[in-house]
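Next up, some structures in structure tokens.
Two complexes are shown next, each including chain A; its partner changes from chain B in the first to chain C in the second.
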Partner chain A sequence: MEIGTITPARIHIGRSGPRVTTKELLKFRQDHAIAMDAVWSHVDEEKVRELGFKVIHTLIKDKEEYIRRPDLGRRFSKETLEDIKNTCISNPSVQIIAADGLSSPAIDTNLKDIFGILMDGFKHRGISVGTPLFIRYGRVATMDYISEILGAEVTILLVGERPGLATGESMSAYMAYRSSTEKPESQRTVVSNIHNGGLYPVEAGAQIIHITEIMLKEKKSGVDLKI
Partner chain B sequence: MYKINLQNKTYEFGSLKEVMAKANELKSGDVLAGVAALSAHERIAAKMILSDITLETIYNHPIIPYEEDEVTRLIVDSIDRDTYEKIKRMTVGELRDFILSSRGEAIKEIRGALTAEMISAVTKLMSNMDLVYAASKLVNTAYCNTTIGKAGTLSARLQPNHPTDDVEGVMLSVMEGMSYAVGDAVIGLNPVNDSVENVRRILDAFHDFYTKWDIPTQNCVLAHVTTQLEALKKGAPIDLMFQSLAGSEVSNRAFGIDIDLLDEAYSFMNTHKNSKGPNFMYFETGQGAELSSEGHHGVDQLTMEARCYGLAKRYKPYLVNTVVGFIGPEYLYDGAQVIRAGLEDHFMGKLTGLSMGVDVCYTNHMKADQNDLENLALLLAQANCNYYMGVPGGDDVMLMYQSTSYHDVATLREITGKKPIAEFNTRMEELGILKNGRLTKQAGDYRMFI
Partner chain C sequence: MDKIYTLGMDIGTTTTQLIISEIEVENLTANYLSVEPKILSRKMIYQSPIVITPMYDSYHLNETELIKMFFEFINASGVDIKKIKTGAVIITGESSLKENASALIHSIADSTGEFIVAAAGADLEAILAGCGSGAKDVSYRQNEVLTNIDIGGGTTNIVKFDRGEVSDTFTLHIGGRLLKIDNDFKVTYLSPVLQKILALEGVKVKEGSSIAYREMRKAAELMAGYIAKALTGELESKYDMLYVSGQKALAEATGYFVSGGVGEYVYDEFEESSIMKACLKYQDLGPLLGTMVRKVFKKRGFNLSKPKHRMRATVCGSGSYSMQLSGNTIYVDENILPLKNLPLIRMTYENNTEECVKAARKLIGYHRTQTAIYITYKGNNSYEDIIMLAKGIIQITEELLSNIIIILDKNVGKALGQTVKRYLKETKPIICIDHIQNTHGNYIDLGKMVGGSLPIVIKSLIF
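So, the complex of A and B:
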């Protein structure tokens, strides 16, 4: 029986007295190190710009504050909001946003693939896409503010997930129709576990395009939308 | 209005609520809520004021108004009036001195008169070793199918979580855990899928397993209480009914519960449970939940946690544990804060009279690591914590956090000389897993149950 195919749990790992073996201890610490680094590192913004994203920041000034103040990681300064309004495409059918969230490697490794699929797919279907935005120190609720200010129909936020020990590169896509600060969290539809060991970015891209089409047609999202 | 002069600096606090919040040890959640002391000096000023406040003052000024909150009403109304009359003139400082200088039995005699706010207040004046020492004197037992919490025992919940609830995968973790003598508190799964059919399927699997191997313990699937009620109505074998609790009516509503619903669950369990009882409820709590669901009323997170225990007490639970490091760094920032909170929660639960355990844990976005987890686990073993979690390799592959492992439970028992629950221990010896309280040579291998 191959245990790994039945459960990812750390079982049948032996012991040294009642403690774990050296090999298992080091493996565990390695996995934790990767997860910690994923939280505390930064996205390579040059690469994100090369993809065509406009880079903006929330009210957060550094990573430590980002971890401590989820409230500030949801909001922008007046100047930033003004800038978004003045320089980004208004009233797009789809607004794509990426944010570091709790894992920068999730963006570094997955954004390019998924973004390519999304842009091609929407173009092919004649669906208009707004100016792609990357948010440094961004939490999920930032999508509500951006959607409101740009009048986007469907907003898609690609964000780094809180890393587990299994991977530090997992990304989620939060999607909402007329995403708004007035609506509850249940307005959002989520595609999660996007990484090369889970739902492949290319596959996730196809799913997101499919869901977007339904949202545009039904004019709703989240718990209101049965997919 | 409370006022104190300290080294030529005057501190003023507008309310008991403000004194309570600022007297708290530093927690990122209190800072986030904007209620924490602004300096170390202000913190000690608040502690000094708090130490001179009488229990009567605290009783007369519920921190969330009686009219506004059913948890407040429950706690105030269930006070033992006779005992309260005897101790109401005691200050919080004197209460600390009394707890530290009295035997466990003497402490138990007054605890019926303590509200959650009094328990929170005295906790704020205690150091970490105070919390360990005081808790170690309080032996709280409970009986379901077996008796948990007796002196000299150290128990564990077997937590065999799986990313898809695959029964075969779950049962592999159960077998592996049992081969380490983990699972005397409960075999309890956090389900991914909260459906009645799924909950029932897993309860049946646990029940079949411990019946087949004649292992005296309890089963539980930690779904929402309404799901478990449905499963129970359909005849599922439930030994322990679970629910997460919060310390205010608003936050309990966010969990989809209120006292009426818990009462209903309790009374239906009482007549339909699979276990013997009389203790058949299981609750989880954790500092910060109320701020997270915007039901904290500007109250510090320690006090909100104490109120959870006040609510739990109504249902004479078999198990209560704080999931201390799960909520994240915006509430408990680092190892020092999690260790402090774990000791506080355990002490408060014990002083409330509960069979108290701790999910000693951390997430990957906290400034904490395996060493912090092990430190807290060891301190709690000295504090005579009733039970811990047992997670394979310490890595929960469904909830994505780290908790104590099968190995940790076995090690803590060996270091402290404590044993599992007596009936369970006997069976573990018969199965050749334990001998004289230690793992045997063949222990630690799931294949013994295949």
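So, the complex of A and C:
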């Protein structure tokens, strides 16, 4: 039975006749509810602001549309882009962006720790960091538009991962050098599985600092970057 | 995928052997997703003949001959010595009590220049034998409690694995060569411990006088019985002198592996006449002891499992399993590597550094040399927590240590290393590695980076 203790996957869970046991059925429903909530809930924007993030949003109006229209979750209105251009630091070495993606709890639980070590780490190394942005209803490709408009060298997008049945709090960091809408998806390097049961947010932060340094030196990212 | 060559040399009371393994390590730097280092395969590519350990007399190893042998084996293997990245030379059994063992082991370790470590110590030997025999792997795979009993010439090293983890080790003064004979059944050597124990049983044997085969049989049967009783904790206190260094433990298990030279005689049945012949050939008790272990275990209903390696268990263990790989998100100032024979001090961090700092500074003061600090991390993984620990580490090492060398169990090495660097006012090399399980031993060797992680060996150095 103990083989089940080495993975959160649903193996070796027993059965009652042809069915799963009540305990496992309830556990499944609970985990499924956690996953649903992760998608449909909202990030506590007050806390994000306290960390120093500027909050913006994509063309999406609500969660329902966010799920239905991935294309709109990647783009911004003219006004928003104008606002970003006018109020944010231009041409930073590093632009940090957080987005709710498909899991708001991922941002709620992980952002503080990873952002702390990232900011201190870049400051210590003399690497300039732009105005941190939080995107409501944001998908990965938003980083391309922001990078282009602000002229960032390395863009780091911290985004809530699509939740599974093991955790609803997993976050990924997508990173790209001169992130651009003209480039294919392969421009991005990813550090994934960031949560307290996977790669700890602080350790992920340390690794992102390390990869950023290499990107700034090599001036490339994604599949082009051989580390 | 990276390949590492590792070497194991086991200098025992009776025999000496050497193996070279090829270990395939996943290249971790290319894989951002992986947190754990993965050893893909272990393959033995050379095994030396098993030769009698050269001795000047009963107490002194023939150092010159051994070093010559070492290089002959390496030449025969065809492996470039410079390519051998890590491994262990260990002196096992009673030889490690021999007077010149320490000097010898270091001279072999140093003459190779690279990252070959010298090690000794009964618990480490037991563990390595249990790894080499396959007991550890089977225990992990089958979720069982299994015990490996490595019966050598001078000592019997016992290790119990609970689902792949070492749970207990102890060593007995029992071995095939505690009584040596010549062709005319004259006793040429009798270990003082065995003599005392046999006297307790009313068996009178003396060095220099002759012994009947039937008495040898009796002695072997008694020794096999002591092993069985020690495993289950039934050995009365009058036999306490059988325990090496007085360390006792229980090792009852669902299955038993017997390795070591004597192990050869546990798994196969032989005619009485051929056992006697074998005793005369080796001029000791070994073949009889193995036979008796089989009989005693069978009588007691102990379940005997077949080891992957018997005679070669310890050397395979030291060649292939002595090394651990750190995680791949670590912080390493590479220019101070490799580092050898650093005393290891241990501390547990929960959420308070004050006690840790005091205790650690005291221990470092006692060692008066560069030490490595093993931290069992029980913090909450928050950035604030890492900062607190980093400040604590700086306090610990202040004015005492010129290099900061931290080994962690949890995967926070890179974050901690970077944070220490940030708060450190002076310039000191920092090594902060993680994902190392707390293993037995009190010294550590750090190798050079392989595939994004750092190979390390935690060992004992008891002579």
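Here is the rule we use: the second predicted complex is superposed on the first by the 219 of 227 C-alpha atoms of A that agree within 3 Å, B and C clash if a C-alpha of one lies under 4 Å from a C-alpha of the other, contacts with A are read in each partner's own complex, and residues count from 1 in each chain.
Heads up, the rule we're going with is that a residue touches a chain if its C-beta (ideal position, glycine included) is under 8 Å from a C-beta of that chain, and two chains touch if they have at least 3 such contacts.
The structure displayed is predicted, hence computed values, not measured ones.
Trainee: For A:Glu45, select first, second, both or neither according to whether it touches chain B, chain C, the two together, or no partner.
Mentor: neither
Trainee: In the superposed arrangement, which partner chain does A:Asp120 touch: chain B (first), chain C (second), both, or neither?
Mentor: In the superposition, A:Asp120 touches chain C alone.
Trainee: Just to be sure I read the superposition right, which of the two partners does A:Ile3 touch: chain B = first, chain C = second, or both, or neither?
Mentor: In the superposition, A:Ile3 contacts both chain B and chain C.
Trainee: In the superposed arrangement, does A:Leu165 touch chain B (first), chain C (second), both or neither?
Mentor: After superposition on chain A, A:Leu165 lies in contact with chain B alone.
Trainee: In the superposed arrangement, does A:Pro201 touch chain B (first), chain C (second), both or neither?
Mentor: second
Trainee: In the overlay, answer first, second, both or neither for which of chain B and chain C A:Asp83 touches.
Mentor: In the superposition, A:Asp83 touches no partner, neither chain B nor chain C.
Trainee: Check the residue A:Ile13 against both partner chains and state whether it touches chain B (first), chain C (second), both, or neither.
Mentor: The first partner, chain B, only.
Trainee: Go through the superposed model and pick first if A:Ala35 touches only chain B, second if only chain C, both, or neither.
Mentor: first
Trainee: Touch test for A:Glu65: chain B only (first), chain C only (second), both, or neither?
Mentor: Once the two structures are laid over each other on A, A:Glu65 reaches no partner at all.
Trainee: Residue by residue on chain A, keep only those touching chain B in one complex and chain C in the other, then list them.
Mentor: 3
Trainee: Considering only the defined contacts, which chain B positions touch chain A in the complex?
Mentor: 28, 31-32, 160-163, 166, 168-170, 172-173, 176, 329-330, 333, 363-365, 369-370, 392-395, 397, 400-402, 405, 407, 410-411, 414, 438-439, 444-446
Trainee: For chain A, which residues count as touching chain C in their complex?
Mentor: Chain A residues touching chain C: 2-3, 112-114, 116-117, 120-121, 124, 189-193, 196, 198-203, 205-207, 209-211, 226-227.
Trainee: What residues on chain C touch chain A, complex-wise?
Mentor: Answer in residue numbers: 29-30, 32-33, 35, 143, 163, 329, 331, 381-384, 386, 410-415, 417-419, 421-422.
Trainee: So in the complex, the part of chain A that touches chain B is made up of which residues?
Mentor: Where chain A meets chain B, its residues are 3, 6-15, 17-20, 24, 28-29, 31-32, 35-36, 38-39, 67-71, 102, 162-166.
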